[in-house]
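Step one of this worksheet: look at the structure below.
Chain IDs A, B, C, D, E, F, G and H follow the sequence of writing; residue 1 opens each chain.
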Amino acid sequence: MEKVMMKGNEALAEGALRGGCQCYFGYPITPQSEVAEYMSRRMPELGRVFLQTESEVATINYLYGAAGAGVRCMTTSSSPGISLMQEGISYLIGAELPCLIANVVRGGPGLGNIQPAQADYWQATKGGTHGDCRMIVLAPNSVQEMFDFARDAFDLAEKYRNPVFILADGALGQMMEPVELKPFLEFDPHKNDSWATTGAKNREPHVITSIHLEPEEMEEFNRHLQAKYLLMEKEEVRWEEYQTNEDDLDILIVAYGIASRVCRNAVDDLRASGIKAGLLRPITLWPFPKAEIRRFADRKIPILVVELNMGQMLEDVLLAVEGKTLVDFYGRYAGIIPSADEVVRKAFDTLKKVGK
Amino acid sequence: MARKAFVDEERCKECGLCITACPKSCISFSSKLNSKGFHPIEIDHEKCIGCGFCIDMCPDTAIELWEVAEA
Amino acid sequence: MSEFVTQEIISAGMGGQGVLKAGLLIAETSMKEGYNVSWIPSYGPEMRGGTANCKVVVSKRPVGSPIVTSPNVLLAFNRPSLEKFEQSLKPGGILIYNKSLIEIEPKRTDLKLVPIKATEIADELGNTKATNMVMVGAYVKATGYLNPEKVKEEIKHMFASKPQFVELNIKAFEAGYEAAEEIK
Amino acid sequence: MEKKKLIRGRPDALNDKIMHYCPGCGHGIVHRIVAEVVDELGIKDRFVGIAPVGCSVFAYWYFNTDFHQAAHGRAPAVASGIKRARPELIVMSYQGDGDLAAIGTAEIVHAANRGENITVIFINNAIYGMTGGQMAPTTLIGQKSTTTPLGRDPRKAGFPIKISEMLAVLPGSRYIERTTVTSPKEVNKTKKAIKKAFELQMKGEGFTMVEVLSPCPTNWRLTPKDALKFVEEKMVEYYPLGVFKDEPVFND
Amino acid sequence: MEKVMMKGNEALAEGALRGGCQCYFGYPITPQSEVAEYMSRRMPELGRVFLQTESEVATINYLYGAAGAGVRCMTTSSSPGISLMQEGISYLIGAELPCLIANVVRGGPGLGNIQPAQADYWQATKGGTHGDCRMIVLAPNSVQEMFDFARDAFDLAEKYRNPVFILADGALGQMMEPVELKPFLEFDPHKNDSWATTGAKNREPHVITSIHLEPEEMEEFNRHLQAKYLLMEKEEVRWEEYQTNEDDLDILIVAYGIASRVCRNAVDDLRASGIKAGLLRPITLWPFPKAEIRRFADRKIPILVVELNMGQMLEDVLLAVEGKTLVDFYGRYAGIIPSADEVVRKAFDTLKKVGK
Amino acid sequence: MEKKKLIRGRPDALNDKIMHYCPGCGHGIVHRIVAEVVDELGIKDRFVGIAPVGCSVFAYWYFNTDFHQAAHGRAPAVASGIKRARPELIVMSYQGDGDLAAIGTAEIVHAANRGENITVIFINNAIYGMTGGQMAPTTLIGQKSTTTPLGRDPRKAGFPIKISEMLAVLPGSRYIERTTVTSPKEVNKTKKAIKKAFELQMKGEGFTMVEVLSPCPTNWRLTPKDALKFVEEKMVEYYPLGVFKDEPVFND
Amino acid sequence: MSEFVTQEIISAGMGGQGVLKAGLLIAETSMKEGYNVSWIPSYGPEMRGGTANCKVVVSKRPVGSPIVTSPNVLLAFNRPSLEKFEQSLKPGGILIYNKSLIEIEPKRTDLKLVPIKATEIADELGNTKATNMVMVGAYVKATGYLNPEKVKEEIKHMFASKPQFVELNIKAFEAGYEAAEEIK
Amino acid sequence: MARKAFVDEERCKECGLCITACPKSCISFSSKLNSKGFHPIEIDHEKCIGCGFCIDMCPDTAIELWEVAEA
C-alpha cells in the first residue's frame, strides 16, 4: 500500500475513524489540537459526531455517556487536560465502558511546556485516579503506530469493556512520517447492545453505574475487575526487541515511545563501536512486559532504562528484574529528547559500572 | 360505581403529605406499625370522593385509586 | 552524486515564506527515494513572533528523534533565522541562506556556505511566494543526493490541487538548483 | 369494599421497589410525575435517564427504563454524550441543586447554551441532601445548614443562585419553568411542565429544563408538612414560580 | 495532658487550625464532610477563613491562590474529589507552593462506596497527576495522628515549598478515639514573604507560575524539583516498628494506616501462638522507608504486605526488597477491613510458602 | 525636535519588555489600560494580577506588580483564594474567552454569584488565540475557526455565549460592562470602566467585570485594521456594548 | 466483677433514640478507666432509612479496626436493629434488647439475653429520650467491667451543658442497671 | 511649547492601529526594518497635534507624547 506523509495527531484521528469511532469529544490543547481539528472536518463528512466541549472535565463525561450508549467513541488531550479527566476515567473503568483516550504528553509539572515528555507514565499505568484502576496503555513510537493503535483500540476496549489508553508525546503528535493507511475496520455495531443504554425496548432496563454501596458487593465487583486485569496481563502484553538475539548481550536498553527510537540508533552506534547492545521496547506499558525483561535479568545482562522523565518505567523494570542485574537510568526532562550520542555515552557509563 | 383511594400499608412512610392534600379530611394515621416501623395511613372510605389528590402528593406511590362496587 | 550523509535539516524563516513546505518537499521526495524521513514543525506560541521553522531528518536508518538541535543543514530564509540557528549548525554543516533578505554575513567560518538570492529569483519569476522552491533547489543541488527530476514530480503532486502554480514552482526550483553550487 | 378496576396506580415506568427516600421527600413525588409523563408519551422504550450524585443517585432502582448514573455535576455532559451518540433516544438529566448549581455549573450552562436537545429535571431543595445537609448554592440567606451553622451570610458564602433565571438568558435554552410540589395543584403544574419539556425534546427543539422546588424534611429538620410550608413561604418568595423562557431556538 | 474523644475528621481539622491554618477551602463529600463542617464553626470563631467552594476542581485553585499569597491553607476531600484536584496539585508542585491536602479515602473505582479503603496509594505517592510530581504523604493510623500530622504539616510544607498530603481513610475520618490536643503552634507568619504575592511594596514583583516554555529552562526547573525530592527522601522518611527487635523474626508484616492497627493485633496473636512476628508501619508513604524494609529483606525474613487494595504499596516493598526475600500479599477491597484473624491465617499461609 | 518633558509614556505599572503579542493584538492595548488605571489609583504596591492560560499567560512578564499564573479557567478561584487570604490586596483576574467562558464557567459564575470582591478583565476575542484558532464559546455564528472549518453551526456547536448578560442576572455581581478598543474613544470608555471596577473593589462592593471585545488578527486571519472592523461590525452587533449591571450588592 | 473480655459492641436503633450517645458513653467511661477505645458511627446514606448505629471497641490492647462486624455485644433499641444484627453476634455474645419496642423473641439460642423494657422505664422516669441510658445501665450491669459510679460521673460530663438532664439520665442509667442481670 | 508623538522604533510591530486612529494622518510606515523585521512607523511632526490618540491605540506602548521645544 502506498505511504503518505501525515502528522501523528492526524494519523491518530484517521486511525480512530477507521477503527469505527462514531463520536469524538475534545477540548483544544497543544500539542494535540490537530486531532480535534482533523476530526472537526472528517467526522461530519462521515455523518459522525464531532463536539468541541467546554472542558476536559466535561469531555470525559460526554465520553462516559456515549460509551454507555454503546458506540465507539474517543477523546484526546495532553497532560494537564488528562489530569482533569481522572475522576471520569475512574467512572469509565468502574462502569466497565469501552472507549479510547489518548494523551499526547507535554512537559510538566503544572502548565509546564508544550514539548514532548514521558512524565505521565505513572498516571497512565497506575495511579492516575482513585480506586484500583487499570487500562491497557499503548505506547506508539511512530506515526504509523499512532494510526494502527488508534484503529485497533476499540476492539481491544470492547473485548474487556474497559477504556484503552494511548500514551504518546508531543513529538509523535506533531511530526510527519510516512504512513500506510489501512482500510476501515469491520466490526459488529450491535456488539454492545446487551448492556448499553439503547432504550429498554422488549428487554429489561440497562443501567450503567459505578456505585455499589455495600462493601461486600463493592469488593465482589473489584474482584471481577481484578480478574479482567489478570486476563489482560495474560493476553495483551506487547513488546518489540531489536538486536537482542545474542546470548551474551553486553547491555540491554529499555525504552518506549519516542525515546525508543533514539535508543534504536544508539544500539546501532554501540554495535558499531563493538558493544553488543540490544533494545527492548515495551509497547503496552500496562500490562508491562515483565517476563520478557526478566529473561535478560536472569542472564545478568545489565539494563539501561531511558525515559523522558525522572524514572517512572524504571520502577517497572526494577520490579521485573528483582535485583538480578544492574539497572541503570538515563532521563531527560520536560521537553528534551536525548540524542543517540548521549545514550551511547551513558551506556558506556553503565558498562563501566559492571566492570566492562 | 365510585372511586376510592386505597393505601399499600407496606409502602407508606407516615409522611402525612396525603393528609394535607385530602379535601375531605378522610385520611389519618393508623396505630399499626408496618415492617419498616411506620404507622401507615388509613382512609375513611365513607368520606373519600376519589379525587386522587392524595396520590398526587404521595412520594411513595403508596396510594391507588380504584373503582369499587357501591356499598 | 556525493556520498549520502544523514540529513538533519532546519528550515526557518517568517510565517508565510513557505519554510514548512520547503521542508516537507525535501522529506516527501526523500521518502519516495527510499529514505527514512521525518518532519516536525515548530508549534505553539513559538509562532507568535511570526517566525516559523521545521526540522527534517532524512536517513538510511530509521529516524530516531525528529527534533533536530544540531542540524547539518540550515535553510535560513531571513536574518532572524540565520541569527537564531547559525550557532547550532554542526561543524562543516551546510548553510543555505537567502541573500535577498540577509544582508549580514554568517559569523561561523567552519561551514559550507550556499548564499542564494532566493526572494529576488522568485520575484523575477513573478511570485515571491516561490522563494521556498528556490531554496529547495539550492538544497538539492548542494547536497546532491536527490534526483532533481524526482523533486519536480513531487512538486506536481504537492500542487495537484492548484495546477496553476505547478509551473512557477518548478521553475523556481530549477532556478535555485542552477544558482547553487554542489558541495563536495 | 370490593376493588373493581384500577383507575390510577403506580405508573408503568416505575417498578414496585420501595424508594429509599426519607418520608415526605420531594424526589419521590417528582419520580412519579416523570414516570407518568413517560407513560403518557409512550417513550418508555426509548428513554434514558441520567441519575446524578445526590439523594437521587439510585433513581435507576425505580424506573423501568434505561439509566446511566453520572459523576457529580456532569449529568448534562453524560446526557449530551448519549444524545449525540443516539439522537433517537429521549434523554433526561435528573439533578439536585448541589449537583447542577455548584459542581456542575459549567456543564449545565453549556448544555443550555448549545441548545442541546435534552430535558433537565432540576430538584432544588436548597441543601445537599445526600451528604447530610451542607449548604447548597441555593440555600436561602439566613438558612442554617451544617456548613452555615449561623445561617447563610452572603458576605461570606454568597447568594442563593437563581439557575432558571440565569439559563433563560442563554440563546440555546428553549423552555425553562420553575414549579413546585407543595399541593396537588402545583404537582399538576409540574407535570404539565415536564410533559411539555419532553414533547419539545421529541420535536428536536433544544434544551428544556424544569426546576422543581422540593422539600428535604430531613436536612431542614422539619416535619414533611412544615417542609412544604417552608417551600411555599420561603423558597417561592426567593425563587418565583413560572415560565422563564419559552422561545424557539433554531431557525433551521 | 487530658485526652478527649474526638472524630478523626474533627481532629484533623483542629490539628490544622492549631498548626496555623488560615484558610480552609472545601467541598462536601462523605466520609470527610465533618472537616468542613467543623471548620465552618471554628474558623470564623478565630477570625480565619472558611469557604465552601463550588467544586473540587475549583477548591484546589482557591488553595493555589491562598498558598501563593503565602498563608497557611488546606483542603480535604475523598477519592473522587481528590481525582478532580489532580491538575491543580501539579500546579501547586510546579509553582512550589506549600499547603495541606488530605484524602479521606473511600472505596472505588468510580462513585464506588463511602467505606474505608486504601486504593488511592499510587495516586498520592506517584502517578496522580502529570509531570514528575512528588509530595510528602503522611499516613496516620489513629485519631491522634490525624491531629498531629495536620498540625505539623504546614512546617513541613513550608520547609520544602511543596504541598504535604495526608492519606487517611473513611474509618480514621469517622471514628472517635481519645486524643491529646496539643497547643497552637508558633510559627513565623512572614516566612513566605520573600516569594508570596503580598503586594510589590518596596520590592520587585513576585510571580507565582509553573510555565517554562523553553525546554532547557523547564528541565532545569525539574532538576531543582528533583533535588528537593532527594532531600525529602533523605530527611523525611518516617516509620514505626513493633516487635521487630529480634534477629530471627519469623515474619514481618508491612501495613500502613488503618490496616496497620489490625496487623498490630495480628502480630500479638501470632506471637501468642509462638510465631515471632513483627510489624513495620510506613508513616510516610512517600518518601517510602525503603532502607528500613531492606534491612529485613537482607535477613531473609519473609514479608507479608497487608493493604485495603489490590496491592499498591506492595510494589514499593518489592522495590525495596529486590528479590531478597519472599513477599506475600493480603488485600481486601473497597470498604472492607480485614480482621486480625484473617491476617493471622494469611501469615501462616505465607510461612508455609517459605517452609515454616 | 527637542524633547522637553514626557507628557505620556508607558505607565509605571508596566515594565519595558516588548510584549509577545502579535501585531495589533487587543491584549497589548488592555494591558496598557489596566496599567494606567493602576497608576492612577496608586495601587501598584497592593495589586495582584492573575494571568490565565491563553495568549496572556505571560501577562506577568510586563506588569510591575505581583502576579499569579492560574490553571486554565480557574483564575476567579485563584483570585478569590488570594482575596480571602489577604483582603487588603486589590485582585484582578485577567482572562480570555476560552478561559472564562468555556472551561472556567463554573468559577466565574460562582465568583460573581458570591459577590466576591475581585475585578475581572474579560478579553473576548471570539477565538482560542494561544492554541491556534479553535472555536471559542464566543465565536460568532458562521465564523470559521480551525474546529469549525465550515463556520460555526449552532445546531452542532451551540451559540455564542453572552457572558456579561448572564452574570448580570446573578445577585452578587456589582458592576458589569462590555466595552471595546476599536478607537481612542472606545479605549477611553474601557479605561473608565476598568477604573470604576477597581474603585468599587477598593470600597469592598463585590464582583466587578469589564468584558472587552478585542481583536485577534492572527487567528481571524485579518490585518489588524480589518480585525478592528470585524469587532466593530460583527462582534458589537451580537455583543452589544454597555453597562449590564450597576447595583449595590450588600446591604450591610 | 467478671473477667474482662474485649468488648466489640454494636448499638443500633432509630435515629433519635440516642444509640450513638449510648455507645459514646460506654466508650468514654471505658477510656477514663484506662481501656483503649474506639467509636464509629454508621454514616452516609445508610441513615436515610431512619436507622442509626455505632460500633464501639473497648480493649486492653490497642484497638485494631474500629469497625465491628461480629460484635460480642449488641444493644438493640428496636426491632429492625435486632433483625439486622442478631445473626452477626458472636456465639455466646450478649444481646441487650429493648423489650418495650421489640415484641418478637431473638432467634439465636447461643446468646446471653438481656431483655430490658428500656423505653417503658424511661417513660416512667418522665422522658422517652432517656431510653439510651437505661440501655447503658443494662450494659454496665451485664458486662460488669465498669464501675457504675464512673459511668454516672461521665454522664455528668456529657450533659454538662444541659444540667437539667443530668439527674434524669443518671436515674435512667441506674434503673437500667437495676433491671438487668449480670452475665456470669 | 507643543506636544508631539514619538515612536520607539524597536517596539513598533507595524500593526498600523495608530495610523487608523490619527486624526491628522501624520503617521506612516517607514521603509526601515527594526531588529524584529518590522517596518516601524514614522510620525510627521509638522502635522502632529499631540492628541495622543495613537498612544491610546498602540498595543505595544511604542509611542510617547513629549512636550517639545517649538521648532
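Operating definition for what follows: a residue touches a chain if its C-beta (ideal position, glycine included) is under 8 Å from a C-beta of that chain, and two chains touch if they have at least 3 such contacts.
Since this is a predicted model, take the numbers as computed values, not measurements.
S.K.: Moving only to chains each one touches, count the minimum steps from chain B until you reach chain G.
M.R.: Minimum step count, chain B to chain G: 1.
S.K.: Note the shortest touch-path length, in steps, from chain G to chain H.
M.R.: Shortest path length, in steps: 3.
S.K.: Could you compare the number of C-beta pairs in contact for F-H with that for D-E and name the larger?
M.R.: F-H
S.K.: Averaged over CA atoms, how far is the centre of chain C from the centre of chain G? Could you give it in whole Å?
M.R.: 86
S.K.: Determine the centre-to-centre distance between chain E and chain H, using the mean Cα coordinates as centres, and give it in whole Å.
M.R.: Centre-to-centre distance between chain E and chain H: 60 Å.
S.K.: Report the inter-chain centroid distance for chain C and chain E in whole angstrom, where each centroid is the mean of the CA atoms.
M.R.: Roughly 55 Å separates the two chain centres.
S.K.: Report, in whole Å, the distance between the mean C-alpha point of chain D and the mean C-alpha point of chain F.
M.R.: It comes to 35 Å between the two C-alpha centres.
S.K.: For chain A, what residues touch not just one other chain but two or more?
M.R.: Where chain A meets two or more other chains at a single residue, that happens at 30, 51, 54-55, 57, 80, 87, 91, 95, 110-111, 114, 209-211, 213.
S.K.: For chain C, give me the residues that contact two or more of the other chains.
M.R.: Correct list: 44-45, 49-50.
S.K.: Residues of chain B that touch two or more other chains: which are they?
M.R.: Correct list: 36.
S.K.: Which stretch or stretches of chain A touch chain E in the complex?
M.R.: 57, 79-80, 82-84, 86-87, 90-91, 93-95, 105, 107-115, 117, 119-133, 209-216, 218-219, 221-223, 225-226, 229, 309-310, 312, 315, 318-319, 322-324, 332-336
S.K.: Please output the residues of chain A touching chain C within their complex, sorted ascending.
M.R.: 3, 5, 30-31, 114, 116, 170-171, 174-178, 258, 261-266, 268, 337-340
S.K.: Once bound in the complex, which stretches of chain D touch chain E?
M.R.: Against chain E, the touching part of chain D is residues 53, 57, 69, 71-73, 98, 102-103, 105, 128, 130-132, 134-135, 137, 146-150, 156-157.
S.K.: Mind listing the chain B positions that touch chain G in their complex?
M.R.: Interface residues on chain B, with respect to chain G: 36-37.
S.K.: Can you tell me which positions in chain A touch chain F when the two form their complex?
M.R.: 27-30, 33, 36-37, 40-41, 44, 50-52, 54-57, 80, 110-111
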